[in-house]
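For reference, the structures are reproduced in the following blocks.
The two complexes that follow have subunit A in common; it is paired with subunit B in the first and with subunit C in the second.
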Partner chain A sequence: MSDSRLVQADRPTVTRRSFLKVTGAGATGGALLAMLDARQAPAQLKGTSLRVILWSHFVPAYDAWIDDFAKKWGEQNGATVRIDHIPHLELPARYAAEFAAGAGHDLIYFAGQILTGQYYRHLVDLSDLANDLGTRYGPWMPSAKSAAQVAGVWYAVPDYFISIPVLWRKDLFESVGRPAPKTWDDLRVAARLLRPKGHPTGMQFSHCNDANHNWRALLYCFGAKETDASGQSIELDSKETREALRFAKALYDEGMTPEVFSWDDASDNRYLASGVASWIHDAISAFRTTEDTNPKVFKETYVLPEAAGPGGTWNVGEPNVWAIWKFSKNVPAAKEFILAVANSQKEAMGASRGYNMPFLRRRYDKPMPGLGQDAKLGTLQEQDKITAFFGHPGPMTPAAQEVLTTFIVPDMFTRVARGASIDETMKWGVGEIRRIYAKHKAT
Partner chain B sequence: MAVVAQRAPWSRRAKEIRRHTLIYVGLTPYLVIAVFPILWMLITALKQEPDLYRMDVVPFWFHLPPTLKNFEFLFQRTFYGDWLVNTLSISLFVSAITLLTAVPAGYALARLRLPFAENLGIAIFMTYLVPSIILFIPLSRVVSELGLQDTWWSLVVVYPTFTIPFCTWLLMGFFKTVPFEIEEAAMIDGCGQFGALLRVVLPVSWPGVITSVIFSFTLSMQDFLYSLAFVSISEQKPVPLGVATELIRGDVYFWGSLMAGALLVGVPVAIVYNLFLDKFITGITGAVIK
Partner chain C sequence: MGHLASGGGRSPGASLSVPVGGRAKALPWWRTPSVRRYLFGYTLLAPAVLYVGVLVGAPFLFSLYLALSDASVGAPVARFVGLENFTSALETGVFWTAVRNTLVFTVGAAVMKGFLGTTLAFLLVQPFKGRRVVRGLVVIPFTIPIAISVLGWKWMFDSQFSVLNWALSGLGLIGEYGTPDWPVWLGQPMLALASVMFVNVWRSFPFSAIVLLAGMTSVSPEIIDAAKVDGATFMQRFRKIIVPMIAPILFVGAAFDTVFTLSDLSIVYLLTNGGPDGATEILPTLAYNTGIRGGALGRGAAISLFLFPLLLPAMVLLLRTLRRRQY
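Let's turn to the complex of A and B:
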C-alpha cells in the first residue's frame, strides 16, 4: 500500500506509526512537488535507461513530438529513454508476451483496450502520482477512475482520451433543406434524404474499434446502460436498448448501403474524404485526413460533439492510460516520465492537433491547444461533460473489457440490421454478456 | 485427294489454335485473379494521396500524375532499408538452420529403420500444426531467458520451431523414394553413411531440398505474430511487422507507402519463386504421394 493511500485513510486516532507514515508521505510528496516545480527528476535517474512503449499515434507529428520530448527529458536527467511505437490493436499481444517473459518495457500504455483490471496485480501502485496530478490540474473526470483504478487504487495514470464526434457535410444538409444536426433523429432524416442523391451515411457493422464506439454512443444516448454503477449487474436488457436497436435498423435501411458490413476503422475516413458521405461518426482523424486530401469537402465538413438522443448526449471516448510493470527495471524513471508528460499536456495536445483530450478538468480551460483557435473544432472544448467509456455507467472491468473485445454490442446491431428480430438478438447478446460476467466472477 | 491432303494440315492447325484459345480463355480468369493484387499494389504505390480518395472515377488507373513520393517516404522516413536487411538475414539464417536440422532428421527417420520412426515423423509434423497464437507466450519466456528480446535474432531462434517440423516431414517423404540399392552401392564404393547421404541421397532429393528452402524462406518472411511479440524496436523489425506497425496509425493508413513496401518485397520473391516453380511442384507432390 502506498503512502499516499495511507494519508487518505480515515483514521479516528493518531498512532505513532500512522504519524510517522503520514509525515513520511508528506515529506515524499513535498519533495516530489518541489522537483516538479523545478522540472527536475531525482538524482538516482542519472545513468539509467527507460524503455517506453506507445501506440502509433494517428498524428505522426505527435509521435515526433513525444520522441523528441523523451530525448530532451533524458538529456536533462542523464537518462537514456527509448520509445517504441506499435499500433494500438497489437498492444495486447505484446503485453501478453512481456507478462509471460517477466521482462519488457518499463513504462507501458493501454490504448483503447484498457487492461488495468486484467494486469493490476502485476502493476505498480501509482496512487501518489495520480492524486498529485488530480490536485494540480484536476479534479479527474469521474470516468477516468474507471480506466485506471481497481478497488480504489490507481494502477494506471490516465493520459488522454480520443473523442468520436459527428462529422457532417453542411453543403449536403443544406441541399435537402436540413439545418445543422443536433439529434440522432436529425441525422437519420438527413441520411434518408441524401442517400438517394448518392450521399448515404455509414457506421461500421463489423468487428472494429469504431463499431464499438459508435453503437455504444447510440445506446447510451437512448438511455441504455451496460451495467449498474458498480459494474457487477448487467443492465443491457432494457426498453432503451430495444429502442436503440430499432433506431439503428431504420438508420441502416433508410440511410446506408450494405458496404458498411465490411467496413474497418479506416473506411469511414475514406467515405468522408471521398466526398460521398453525408455524415460519419468518427474521431477527428477523419477530419484531418479530409483536410489533407480533399480541401473542397473539408471546407464543408463540420463537427458536432455528439448527437442527442432520448436518454441524453453521451459520447464514447477511447481512453489511453500509462502503467508500469512491477518487473520494470526503472520504476522511478517511469514515474518521473509520466509526470513530465502530464506537466507538458498543453504542448502534447497542440502537437496532436487537438486529438488528445485531457482527463483532468482544469486542462479544459479555454482556449484548448489545437481546438480553441479552430472555428469548427472549438465545439469539442467541453467534451469532458458528455464523455463516457465502455461499460457505462459501470467501470472498465475485465468483464466489460472482454465484452468490448468480443464485439458483442456491434454484433447485436449487425444482427438487427440484417433482419434478425430484436427479441432474438437481445436474448443472444445478453446471454453472451452474462456468460462472460459469470466467467469473470468465477475466477 | 489433293484437296483432302491440303485440308488436313489446316484442320490440324485450326484444332491446335482452338485448343490453345480454349486453354488461354480458361486460364484468363485465374490469371486476372492472380495478377490483380500486384497490379493494384503497383497503381496504389504510384498514386498521389488525393487520387486514392476519389470515388467518382474508375480507381484502376491514374487521374493525377503518378508519383514516387510513397517510395521516397518509405526509404527516407521509415527504417525500410533496415527492415529489408533484417528480413533477408532472418530468412537466410532460418533456412540454413532448418536445412541443417531437417535433413539429418528426415534422413534418420526415413532410412535408418529406427523403431517408431513413422510415428515419430507424424508426431514431429503434428507440432507444426500447433498455432503460433498458443506458442508465442511460452516462447517469450525462452526469448527473454536468452536475452534476445527486441532483436531480430529472437526470430532466428523462434521460426525454426515451425519450419523444422514441416521440412523434416517433407524430406522424410523424399528420402523414402531413394532406392536403398544406390546408397548401398555408394557404401560399397567406400562412402560412409554420411558420405552416402551427401553424395547420393541429397543430389537425387534436390527438389525436396529446394522446396524446404523455399518454404522456410517464405514462412520466415511472412510471419507477423512472433515478430510483433518479440521485436518492438523500429530498426530491428522485419518488413511485414515494420510496414504494418509504422504505416498504420490509428485509423489512418498510409496506403501508398504500405503498397510500395509490400511490392518491393513481394515481386522479387515471386520472381525467384517462379524460377524454381518446377522443382517446388515436384517437391511438394513428390513428398505427398510417398
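Let's turn to the complex of A and C:
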C-alpha cells in the first residue's frame, strides 16, 4: 500500500498562491531595503497628505525639531504633513474617539500608555519595518518587543523611551560626609541626614506618571516582579515586595515631607531647581530645567543611572511607540515617515538634549547625542542594559496597562507610607490586581 | 342616504335642502378635529423629542450596552456579560471610596454654593454705584475655560510655591515652609477633598447667584414693600415671599447644578487625578481611568452608570415639586 502523503511530499510544493506570497514579500522587502539604502521615499507619496499625532514633548525643542523635520520631509517627498501635539494623558481618549469614528490621524503614537495590546486588531502589521530597523541598527532591546508586539507580530515600532535616573546634589551629600550614592540604602541614609538640614528628598505618592515609574523602579530593584515573564501569573505577592514597601515607609518617614502626597510630574523638577531637594528620581528634564533656571544648583547636580537594590538595578522607563490605524488613508506615507525619523535618530536625540533614549542597541554606540559629551549625563549611555517597563518582567499587556492607569502600585506605597499595615496593603493591592487580570483573561 | 343639496348654479333664494333624520358623512378618523389637534401638537413636539432621543437617549442606551458587555477600547463589539461589570465594581474598595467622595463632593459643594450664591445675589440686588460692572465681573470664574482656571488653582495649591501658603505664613497664620504647620492642600486627604470642592464652588457659585438674582428681580417690589409695611423681617420676607415666588427658577437651577457637579470630571482630574490613594477619587475620574485610559470600556461604562441612580431620585424630586407648584 502506498502512502499518498509521501508521494505528495516528493512533488514540487510551489503553488500559485505560495509563489505569489513569496514573490510579493520579496518584492516588498526588496523595495523597502532599496529605499532604506537610498533614503528616499517612493514616488507614490507625491501629492498625498499625512496626519500625525504626537504628545507635547517635555523638551519643547524636540517638538520644534520634529515639526521642522516633518515639514522638510514633506517638501522632499511632495507630501503635506501635519503634526498635532496634544498632552500625553489625553492621547488614550483621542484614540478611543478615532477608533470609534473609524477616522483620524494616519500615524499615531502611544506615549507612556502603551495601547498596542488593546488595538492591535486594528493596527497595520509593521513587522517588515521593525525587522529592517532591527537589522540595520539593532538588535532591539528585549523589552521593546513587549511594547510593540502581540503574538510575535510588530503592530507598533518603538521610537524611544524616557529614562528616569537619580539626580543628586554632590555638595549636600558631601556636607553630611556621604560619598556618591550607588544604592537605595545610600540614598536613604543621605535623605535621613539631610532632611533636618532643610534638604529632604521626594518621590511622588500621588496619581501621576512619575509615581507609577518611581515606585516600580524601587520594587524591581528589590527583586519584586509584577507578573511572570509570560504576563499571565501575578507574582507581586512576595517577600521582595514587602521589603520594598518597608523600605519606602522608612524612606518617607526619615527623608521626606508630606508634600510628596500632592506632587504631580513636574513638582520634583521644581523641588530640585529650587535648591531644596537633596536628590530626586526623575527624567533628565529636571536636570535641564535646573540647568536653565538655577545654574548654581545645576553645577552641583549629578546623575546616577539607577540606584542598586538587593534585587539588582532596574530603571523603569516610559516607552513611546509609533502605530498606524488600518483605516489610515495613507499607510505608505506613515511607514515612510517612521522610517525617516528612525534614520534620523541621532539628530532627534540631540534635539531632545539626550532625553529620547533609543530602543535599538547599536544606537548606544558612544558618544550618544546629548549625553556623550556631557560629563554628568555620560553615565546614561548604558541605560539599555538596566531598563525595564511596567509589568516587568512580563509584557505590557492590556491588564498591565489597566493596573498602571488605576495607580494601584503607587497607592500601595502611599498606604504604607501613611501608616497602613503591609499585610493589609498587600491584600488590598494584590486583590485589585488579581481582579483586573481575571477580567482581562475572561475577555 | 342624506345629502346636502348643492350646485354651482344655485340661485339666490333657492332653498337649502337638509335631510331630516339622516346623519352627516363621517370624516375619516385621522381627519377628526381631536386627532388633528393631537397630530399638530406632536408635530410641534417632534424636534424636541428627536433631539433628546438622539443626543441623550442614544448615548445612554449605548453606555448601557457597553456596561452589559465586556467591550474594550479596541473591541467595541463584545460579548454580553449581564451585570458582571456592575458586581465587579461593587466588589472593589476604590469604587465605594469614589461613591462616598462623589456624594460628599456634590452635597458639600451644593450647600456652599447655595449659601454663597444667595448671599451674593442679595448683595447684587441692592442698588449701588457700579452694580452693572460688578454683576459682570462676578461671572468671570464661570466663563473662564475650566482647564485654565483649574491650572491657576493648581499653582495656588502647590505644595512648595502656593501663594496662599506664603501669604498666610507671612501673616503668621500658618507655620513656615517645611514645618508640619504648612498645609499641603492637595496632599492631605481631607484638605484635598475640600480643595477640589472649593474650586468647584468658586467656579459655580456665581451661576447660582445669577439664577437667584434673575428670580429676585422678577419679584414685584410692591409685594416686598407691602410685607415690610406688615412688619415682616428680612428672613420672613426671604422664606415666605421670595423663595416661594421664585421656586421654579430655584429648582431648575438646582437641577442643573446637581447634574454639573455630579458629573464634573475636569476639576478633580486636573488637580489630583483622584489621588492621593483615592482621597479625591470620584465616579467620573474612576470611570475615565478605567474605561478610557485603562481600556476597559465595559467596566468604565458600568461605573459611570452608577451616577444614574444617584441622579434620578434627585431629579424626580425636583421636577415633581416643580410641577406641583406650577399646577
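Everything that follows uses one rule, which is that the second predicted complex is superposed on the first by the 422 of 443 C-alpha atoms of A that agree within 3 Å, B and C clash if a C-alpha of one lies under 4 Å from a C-alpha of the other, contacts with A are read in each partner's own complex, and residues count from 1 in each chain.
Keep this in mind: a residue touches a chain if its C-beta (ideal position, glycine included) is under 8 Å from a C-beta of that chain, and two chains touch if they have at least 3 such contacts.
Everything quoted here is computed from the prediction, not taken from an experiment.
K.L.:
Given the alignment on subunit A, is it a clash or a fit between subunit B and subunit C?
P.N.:
clash
K.L.:
Classify the contacts of A:I234 with the two partner chains as first (subunit B alone), second (subunit C alone), both, or neither.
P.N.:
In the superposition, A:I234 touches no partner, neither subunit B nor subunit C.
K.L.:
State whether A:A103 touches subunit B only (first), subunit C only (second), both chains, or neither.
P.N.:
first
K.L.:
Touch check for A:E402: first (subunit B), second (subunit C), both, or neither?
P.N.:
Only subunit C; A:E402 stays clear of subunit B.
K.L.:
A:R270 in the overlay: touching subunit B, subunit C, both, or neither? Say first, second, both or neither.
P.N.:
It touches subunit B and subunit C both.
K.L.:
Given the touch rule stated above, what does A:V260 touch, subunit B (first), subunit C (second), both, or neither?
P.N.:
In the superposed model, A:V260 contacts subunit C only, not subunit B.
K.L.:
Quick check for you: in the superposed arrangement, does A:E432 touch first (subunit B), second (subunit C), both or neither?
P.N.:
Once the two structures are laid over each other on A, A:E432 reaches subunit C alone.
K.L.:
Regarding the shared-chain residue A:S56, is it in contact with subunit B (first), subunit C (second), both, or neither?
P.N.:
Touch status of A:S56: first partner only.
K.L.:
Which partner does A:A93 reach: the first (subunit B), the second (subunit C), both, or neither?
P.N.:
After superposition on chain A, A:A93 lies in contact with both partners, subunit B and subunit C.
K.L.:
Please indicate which partner A:R121 is in contact with in the superposed arrangement: first for subunit B, second for subunit C, both, or neither.
P.N.:
In the superposed model, A:R121 contacts subunit C only, not subunit B.
K.L.:
Check each of 40-48, 94-102 or 130-138 in subunit C against subunit B and return the one that clashes.
P.N.:
In the superposition, subunit B collides with subunit C along 130-138.
K.L.:
Where on subunit A do the contacts with subunit B and the contacts with subunit C coincide?
P.N.:
93, 96, 100, 264, 270, 274, 276
K.L.:
Going by the contact rule set out above, which residues of subunit B touch subunit A in the complex?
P.N.:
49-50, 52-56, 136-138, 140-141, 143-144, 149-150, 225, 228-230, 232-234, 244-246, 248-253
K.L.:
In the complex of these two chains, what residues of subunit A are touching subunit B?
P.N.:
Interface residues on the subunit A side: 53, 55-60, 63, 82, 84-88, 90, 93-94, 96-98, 100-105, 162, 209-210, 264-266, 268-270, 273-276, 282-283, 285-286, 288-289, 292-294.
K.L.:
For a test of understanding, state which residues of subunit A touch subunit C in their complex under the given definition.
P.N.:
Residue positions touching the partner: 89, 92-93, 95-96, 99-100, 113, 115, 117-122, 198, 200, 205-208, 211, 257-264, 267, 270-271, 274, 276, 398, 401-402, 405-407, 410-411, 414-415, 418, 428, 432, 435, 439-440, 442-443.
K.L.:
How about subunit C: which of its residues touch subunit A in the complex?
P.N.:
So the residues of subunit C touching subunit A come out as 70, 72-76, 78-79, 88, 91-94, 154, 157-161, 178, 180, 184-188, 192, 272-278, 288-290, 292-297, 299.
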